[in-house]
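As written, the chains take the letters A, B, C, D, E and F, and residue 1 is the first residue of each chain.
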Amino acid sequence: MKIDAATIKLVRRRLYSGVISDVLDTLGDWDHALAPHVRPLDEELVLFGRARTGLYMSVYHVEGRANPYELEIALVDDLKKDEVAVLGCPKGNRVAPWGELLSTAARARGAAGCVTDGLVRDLRLIRKMKFPVFAGGIGPLDSKGRGAVMKIDVPIECGGVRVTAGDWIFGDVDGVVVIRAALAEKAVALALEKVKSETTVREELSKGYRLKDVFARHGIL
Amino acid sequence: MKIDAATIKLVRRRLYSGVISDVLDTLGDWDHALAPHVRPLDEELVLFGRARTGLYMSVYHVEGRANPYELEIALVDDLKKDEVAVLGCPKGNRVAPWGELLSTAARARGAAGCVTDGLVRDLRLIRKMKFPVFAGGIGPLDSKGRGAVMKIDVPIECGGVRVTAGDWIFGDVDGVVVIRAALAEKAVALALEKVKSETTVREELSKGYRLKDVFARHGIL
Amino acid sequence: MKIDAATIKLVRRRLYSGVISDVLDTLGDWDHALAPHVRPLDEELVLFGRARTGLYMSVYHVEGRANPYELEIALVDDLKKDEVAVLGCPKGNRVAPWGELLSTAARARGAAGCVTDGLVRDLRLIRKMKFPVFAGGIGPLDSKGRGAVMKIDVPIECGGVRVTAGDWIFGDVDGVVVIRAALAEKAVALALEKVKSETTVREELSKGYRLKDVFARHGIL
Amino acid sequence: MKIDAATIKLVRRRLYSGVISDVLDTLGDWDHALAPHVRPLDEELVLFGRARTGLYMSVYHVEGRANPYELEIALVDDLKKDEVAVLGCPKGNRVAPWGELLSTAARARGAAGCVTDGLVRDLRLIRKMKFPVFAGGIGPLDSKGRGAVMKIDVPIECGGVRVTAGDWIFGDVDGVVVIRAALAEKAVALALEKVKSETTVREELSKGYRLKDVFARHGIL
Amino acid sequence: MKIDAATIKLVRRRLYSGVISDVLDTLGDWDHALAPHVRPLDEELVLFGRARTGLYMSVYHVEGRANPYELEIALVDDLKKDEVAVLGCPKGNRVAPWGELLSTAARARGAAGCVTDGLVRDLRLIRKMKFPVFAGGIGPLDSKGRGAVMKIDVPIECGGVRVTAGDWIFGDVDGVVVIRAALAEKAVALALEKVKSETTVREELSKGYRLKDVFARHGIL
Amino acid sequence: MKIDAATIKLVRRRLYSGVISDVLDTLGDWDHALAPHVRPLDEELVLFGRARTGLYMSVYHVEGRANPYELEIALVDDLKKDEVAVLGCPKGNRVAPWGELLSTAARARGAAGCVTDGLVRDLRLIRKMKFPVFAGGIGPLDSKGRGAVMKIDVPIECGGVRVTAGDWIFGDVDGVVVIRAALAEKAVALALEKVKSETTVREELSKGYRLKDVFARHGIL
């Protein structure tokens, strides 16, 4: 199952992070879910797209020279349609590497959203835009003089999970899942199938059948 | 005050966790409130019912044999009307021992809800069901190969509080409170009374009376 | 720019914590944003007012004598129009030093709101009042026998930031910012200006101009 | 078994925290061991004496008036022979409420030692004195302007365990145990007995007998 | 290089955890070092042997039936020469699953030592035995009624690293390293070689050669 | 008091971190003590010298190009007599940016020691060298592929305290203190004085004078 524009739409409409996570377990990739403190700013939105990565470092001074946002700007200006900016921040980070202006710029390029284990600011405007952003917290502090993207498109860790540029990212109300590029087509196909069987299970359970019997029949929980 | 079906309804309609907590303090039981990271999935819902307990362990492999959910299924299949599944998980747990299918099964048996200091998944569907679930976080990871219920109906710790099967559990937007079985009738009766006096206090305060005087008059804050 | 009643209204309507934080950075005050776990109970409300401080201590018994809430009551009864009660609590605090009755009393005096890094209870009623409260968490436990205000109107730390009585406090969906009394007039004036230029930037970005060029033109991100 | 001067010496020579802890479990008091980050400054020393308690609060300014150490000085000046100063500090405390000068003063009064979950300084000199001090960490910061004892001889929490003035405190290389006053005579008597049977077990195990059989014979592990 | 009795002795005498860790990096296994809070009880001792695993769960009551230590006893009674008991405990565990009697029993069977991310007690006697034990902390609490080994010889996590029965464990003053069974022969051979080149580097550096040049020459740091 | 070679020796022989910390408080610099988890590898050694700073970032891959240690090597190769390498690492860092070979190289240049809130390895050899190293922990993992110095001689944060190249660093068994360059001469002079008065206080206390009176006389605790 090629992941083209039509599949991307289908995934966003039909899948959810739980079913993708189950399928990745089956495929032997157990370490794919970002830590639970990474939450969506808007629980209604679904994110699906390809990762472009940025690696953050804490800094403790403003450098005299030019542009403290240089690499972050480069990353956002280079985002393509359906790409997701994924920013890995140091633990205990109290800075917001993402906000409304970057969201506006990213959306103008067709980007699918942003995921960071750092903070985000400008919630009101980002929510109004309906732009899917998942963050490790919320806070007003700008990154200038506090943090900077030092490398882009390298492997990073975000929410405790390794993310490589080109991985697929799925996020919804239940959290964020990283789908390795090599597993993506298979995972999406299997997840679309699994969604169907869950409907049967749900119906049987709501009729009052015992979990034990339903699980014996379908092997799904 | 016997806690029968009518009382249960009354408690759900009239009481809130703060007033029950105050009353338990008065009765000498100070350690009854789950840690504040245990939050309701839906802040509108109120939970009141009797605890059935499950004790979780982290595991790091899928066992060859049969059913990784065996005891959890047994617990849910055995839930009676107005019972609450309470699942105690290890600290730092990143797995969701509860989700929509278990909610569906539990509700079909008349259970009142679920409380866990672990994670929960399938928020969208659980919220749609209006089934009261309180959890230590949200995340997509299934428990298979990561965690398992090892014992049921034994004393556990959930959110830092000891819970014994048969204790009463009350949860609302302010948190979750455990009411020891032996104190329950007295606590409910006292709480229903206290609710009334708070109305008087509120009225006086909103008229602009000084806290100092109102507190001197009613001894309530 | 004198901060009189008209300015206070203007600030509440026009500003947001991000822009104030940026301006404080410019003025050389980098340590002004409360830790991100201090969140608004109602994300729609904006708080702006002058700090009145209370310093909390954990206690482990109820003292025989009189009134465990004595200094807290004194603080609230003394709140003036547009003042904000700021309560600094010990780390790991599980107690709610603030709730609905204190909110009612504070509002009756014209207070602007409350900020604490401790817990708060009675969410339903506080939200109904539309009274701006920012807290480090939510929980039902009363402070009696667990914590007490030991000093008022002294310098405290709240959410990791030093707060002195008389500082200005601004809070919204993005977090809480402390504006030192000495910087307040300048900061407010600068923030009101900065808000305007951001509109231009936003418009250019949404038209698809590259971040790099827009940042070069306006120096704002 | 009355805990007189002779018993105190015997306890210090014969017992260790593990055997006392086991005996307290048997007597139904499960919550008696301070958190493991509370460590002896000198692993060779044994502490046994009666608790005198002090409750610390974090402060954020130096008060103009007189003596920031007032209550702490009062506590130390009042220590009697074989008493132990137990200082409960707020979590995350980075201040040293105890050091060499207080150790010198306490020892001059015959005090048995000091236990705190805060920090301690002046290790070199305290170790030279062979004065038993157990602390939550080591650091050079004085408490003036950072913390103060607000109450003495009230119930406190130290290392996560409730301590009341008059409780017996035992500390050695394995940690610190609180023996409630009411249980002390019984606990000491039982522990002195248990120490003997452990010798038999140890001898059998070192001869190569299987744990299973030795445990079946003596019920001790 | 077969890991026979002679190699085991050689490894204990010549290698150290840093050089083994470097070699494992080279072999592509990056996740092999236990978290730094797992420390040796005696910094002079070196541990090298094969893992036998036990998986711990927190419990909150003493079960009426028989033997709370059943599986732990089974594991220790079955230890063979040069095996290492590796016990994985839940995070935040405050219980000591290991102590002097188990050390005595293990040593009597020829076991090489014990590694746990839980606590250990009876330091004085264990140190006197010169038995290598590495633990996540020190504390007096027995496991009975607080924790129990639920499975043995299954894959576990200890100090954040996956350990499978049969892996080789190396521990010294710098920490504990897990060497996967499949990599062990190669890793040991490479490490013995690397130790030699480090001597050359050390000599050149102590003569004052610049790091830059020495690193260029030998590629080792 | 100029801080020349003679003063440096005097400081190392006479002062300790507690007295320097007290003096810095007096001079109005309250934030000068590294967090207490930064400990000396050898509690007998005293460190005093001028800071040269390095700022670490976590990385998650080995870059193809040349030298992963480039800036760290540059920093060490450039150390002058009595300078101290101070390496600030991200929170939760599990990597050792410092070890025996760097110690050897640094010592060969006359450097005074190393301070890091990251880990250190090769304890045995570093201790044998009697080279003063203070670290946030101990562990065997090399930094290659896990972390890298990204900037040198910029302001950093180490153990929670801002350090600027040129600040003076004092470390002993009680911890590490940063003395801002501008305060150093005054602080050293005052500390040398204070040390003397403490001797008087100690003598009075050990004779049994009450703390209250001794403190009233000398104002020192």
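Everything that follows uses one rule, which is that a contact is a pair of C-beta atoms (placed from the backbone, for glycine too) under 8 Å apart; a residue touches a chain by one contact, two chains touch by 3 or more.
Fair warning: this is a prediction, and the values are worked out from it, not measured in the lab.
Engineer: State which chains count as neighbours of subunit C and simultaneously of subunit D.
Structural biologist: Touching subunit C as well as subunit D, we find no chain at all.
Engineer: If you apply the touch rule, which chains end up adjacent to both subunit D and subunit F?
Structural biologist: Touching subunit D as well as subunit F, we find E.
Engineer: Between B-E and A-C, which chain pair is linked by the larger number of C-beta contacts?
Structural biologist: A-C
Engineer: Report, in whole Å, the distance between the mean C-alpha point of subunit E and the mean C-alpha point of subunit F.
Structural biologist: 31
Engineer: What is the distance, in whole Å, between the centres of subunit B and subunit D, each centre taken as the mean of its C-alpha atoms?
Structural biologist: Chain centroid spacing, subunit B to subunit D, equals 37 Å.
Engineer: Do you know which subunit D residues sit against two or more other chains?
Structural biologist: none
Engineer: Can you identify all of the chain pairs that touch?
Structural biologist: A-B, A-C, A-F, B-C, B-E, C-D, D-E, D-F, E-F
Engineer: Considering the complex alone, what residue numbers of subunit D touch subunit F?
Structural biologist: On the subunit D side, the touching residues are 67, 69, 73-74, 76-77, 94, 96, 99-102, 104-105, 107-109, 119, 121-124, 137-142, 144-146.
Engineer: Show me the residue ranges of subunit E that touch subunit B in the complex, using the header's touch definition.
Structural biologist: Subunit E residues touching subunit B: 55, 57-61, 63, 88, 90-92, 150-151, 154-157, 162.
Engineer: What part of subunit D is in contact with subunit E in the complex they form?
Structural biologist: By the definition above, subunit D touches subunit E via 16-18, 20-22, 25, 30, 33, 35-37, 39, 43, 172-175, 177, 198, 201-202, 205-208, 210-212, 214-215, 220-221.
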